[in-house]
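Quick heads-up: structures coming right below.
Here come two complexes built around chain A, the first alongside chain B, the second alongside chain C.
So, the complex of A and B:
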């Protein structure tokens, strides 16, 4: 492998890592806080992409990329809150909540995907990003649109980190994730914080959808792959800290890039899943995790 | 003398048929056929420390659970705080209305620092203000609980048991409670640490805090309580001065079994 090819593959992996960290962050946030796995996360990503296309694309409302991204994030937050209220909250105090919500979120995902099919049809679409040209730093070369994605995602995750560590609401969300009952006793409004967490996760999924819809062609069924990748990232990295899935996302991105180069696109998912199973056997709490879940 | 004056105060209160500060009426909770708490009636005065004893499984912690609605609510009955039934509120509103509780196990937010644990409470209480005020209130609560100032920024999960208990008590105090429910604050502590908990409770008593105290460590319970209530199989079997209650045959029987 030549150096230039190596750098190109590595760059591709890092860019994927940025995207995967955004996709996995929301999934991890819901898992640590509500203790459930949201199987509609992929559908949220798809819905986000379609909302952004509807608002931003010249063929639809044509309000431009920035407006579409902002509207998507806000709309997905609201949709996430409603989704949680209808499909997760009713089962909160049930002992088998994990299994119940696997079913309800899968059902919700199916409904969302079919709604998207009805509203936008099965024909593929693509979001047009505003930048053009390439950016280069030494041997590293990415498109300007990839650069825009890296910038926005980095800013988003940094803001989220600051929000979780430094603001009262963020602190309360971490507190609820760590100890629901103590949080109630300390006067924290747990139902409100759960709804906010779910909404935030959906908003992040929506933003990820905006970028996926610009990199690939959008179809209503494109959410399965992002959901699988987010699942691999969360399991591989663990959720001990909110940074754990971010490290894992870069690891998965880089492994995927090199695996695609070495064994091709067809076998790459198999490589990732074998790796995930190996981690589950050897270190079930995740590569960057301790045993308990917290934020 | 203090006890004497309190008794007169009680006497005055009840004779004039005024509502007690905290009144528990017909409180009950069942799980299927098991009555964890049956028909509990109690009335507690402001500034009183009511000790609660009873063998394991007698319903002491369930009593605290259903008073705070964490993790479950009562099936029947009322808890009147200054005449208002708090059980109509949601769990977090009960906490914000001034009923604070600590758990038997050291229940903290492990990855948050000691001061952040208490700060979270301040920020969510009705007394929340600017960030600077909130931090000051959190530090004050930690000081009140006797938590060492050098460990404020240590993650609560990394602290020893005793200090985790102090963080929990500080967080409860930060709610500025009108009633403090302490669930076995002395469990798994050394005698020296128990003495510090005792001193802390007595200090709170001086500040006129109303406290319900569940405890298995009898010397601590009798030393701080104005009255002692004993539960057995979800029922109140005795209440009165600690000395009188401990001497009661039914209480001895509940703890040690019936004389053959």
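So, the complex of A and C:
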């Protein structure tokens, strides 16, 4: 493997890592806070992509990329809150909530995907990104659109980190995630914080959808692959800190890039899942995880 | 004199197991009420019900003449094929209880393991501020100077005693009108026990009404106006401070005198 090829593959992996960290962050946030696994996360990504296409693309409303991204994030937050109210909240006090919500979120995902199929049709579309050309730094070379994605995602995650660590609302969200009963005794508004967490996760999924819809062609069924990747990232990395899915996302992105180069696109998911199983066998709480779950 | 907290005919537990039944309790303004009783007889469950963590099955909880629990009996689960939880509204809201000023410091709470002491103390006064009460962080720090040294530690690295101090500090920052302390000295070394007991005395001297659960009868004797002996899910006896017997006598009365 030549150095230039190595650098190119590595760059590709890092860019993928940025995208995966955005996808996995929301999933991990819901898992740690509400204690459930949201199987509709992939559908949220698809829905976000389609909303952004509808708002921003010249063939539709044509309001431009920036407006479409902002509208998508806000719309997905609202959709996430509604989704949580309808499909998760009714089972909140059930002891078997984890299993119940696997079924309800899967059902919700199916409904969303079919609605997208009805509204936008099955033909593939693509979001047009504003930038053009390439950026290069030494041997590292990415397209300007990838650069834009890296910039926006980094800013988003940094803002989110600041929000969770420094603001009262973010700290309250972490408190509820770490000990629900103590949070209730402190007088925190737990139902509101749950809704906000789910909405936030959906908004992040929507933003990820905007980028996936621009990098690849989008179809209503494209959500399965991001959901799988986010699942692998969350399980591989563990959820001990809210930064662990981010490390894992870069690891998965780089491994995916190199395995695509070495064994080809078709075997890459197999490589990732074998790796995930190996990690589960050796360290069930994830590579960067601890035994208890918390943000 | 109107009562600060009045509990009338309260029953509850974890469905389908009833833990306590028909509890009547009155806490007057400025009073300190003690609870003493064997482990596993429902003291903590009763306190969790008072603070709204679990729903009461029947009875009223009146705090400052405000009904905290929804009126009426809890409906029986008629069909196991229906999702009972969405058909029946929760009867109590812990947020409303905390806003009203009834603050529960839980027994041996781990609080929030991955948050630092400073972070936890920063969100603790939220409920007081929302209800228009003014927290006094300086008074809390002078009561627990050790917390000031541990501000940047995550709470899972705190010792049991420090964690209990943090729990009580959080409770105080919520500016309680009535504070429930559930075994504040549980599982601590004698030196730390003394430190925490002193803190409870200080809170009492500051005039905050307290419901205190403890297993140390001498500690209770020094603090409470009334002592409720709680066993088998109800208050079996109510004693004034002067009537509190020594540990041996009380144990003998609860469990029967040892033969021979």
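The definition used in the following text is that the second predicted complex is superposed on the first by the 295 of 295 C-alpha atoms of A that agree within 3 Å, B and C clash if a C-alpha of one lies under 4 Å from a C-alpha of the other, contacts with A are read in each partner's own complex, and residues count from 1 in each chain.
By definition in this document, a residue touches a chain if its C-beta (ideal position, glycine included) is under 8 Å from a C-beta of that chain, and two chains touch if they have at least 3 such contacts.
Everything quoted here is computed from the prediction, not taken from an experiment.
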Contacts of A:187 with chain B and chain C, given as first, second, both or neither: both
Partner chain(s) touched by A:2 [first = chain B, second = chain C, both, neither]: neither
Contacts of A:179 with chain B and chain C, given as first, second, both or neither: both
Which of chain B and chain C A:91 touches, first, second, both or neither: second
Partner, of chain C and chain B, that touches more residues belonging to chain A: C
Which of chain B and chain C A:59 touches, first, second, both or neither: neither
Set of chain A residues, in rising order, touched by both chain B and chain C: 168, 171-172, 174-175, 178-179, 181-190, 241, 292, 294-295
Chain A residues touching chain B - in the complex, by the definition given at the top: 168, 171-172, 174-175, 178-179, 181-190, 241, 292, 294-295
Of all residues in chain C, those that touch chain A in their complex: 51-53, 83, 85-86, 94-95, 97-99, 103-106, 109-115, 119-120, 122-124, 126-127, 130, 170, 174
Contact footprint of chain A on chain B as seen in their complex: 68-71, 90-93, 95-96, 100-101, 103, 107-112, 116-117, 119-121, 123-125, 128, 131, 134, 168, 171-172, 175
Contact set on chain A toward chain C in their complex: 90-94, 165, 168, 171-172, 174-175, 178-179, 181-190, 240-241, 292, 294-295
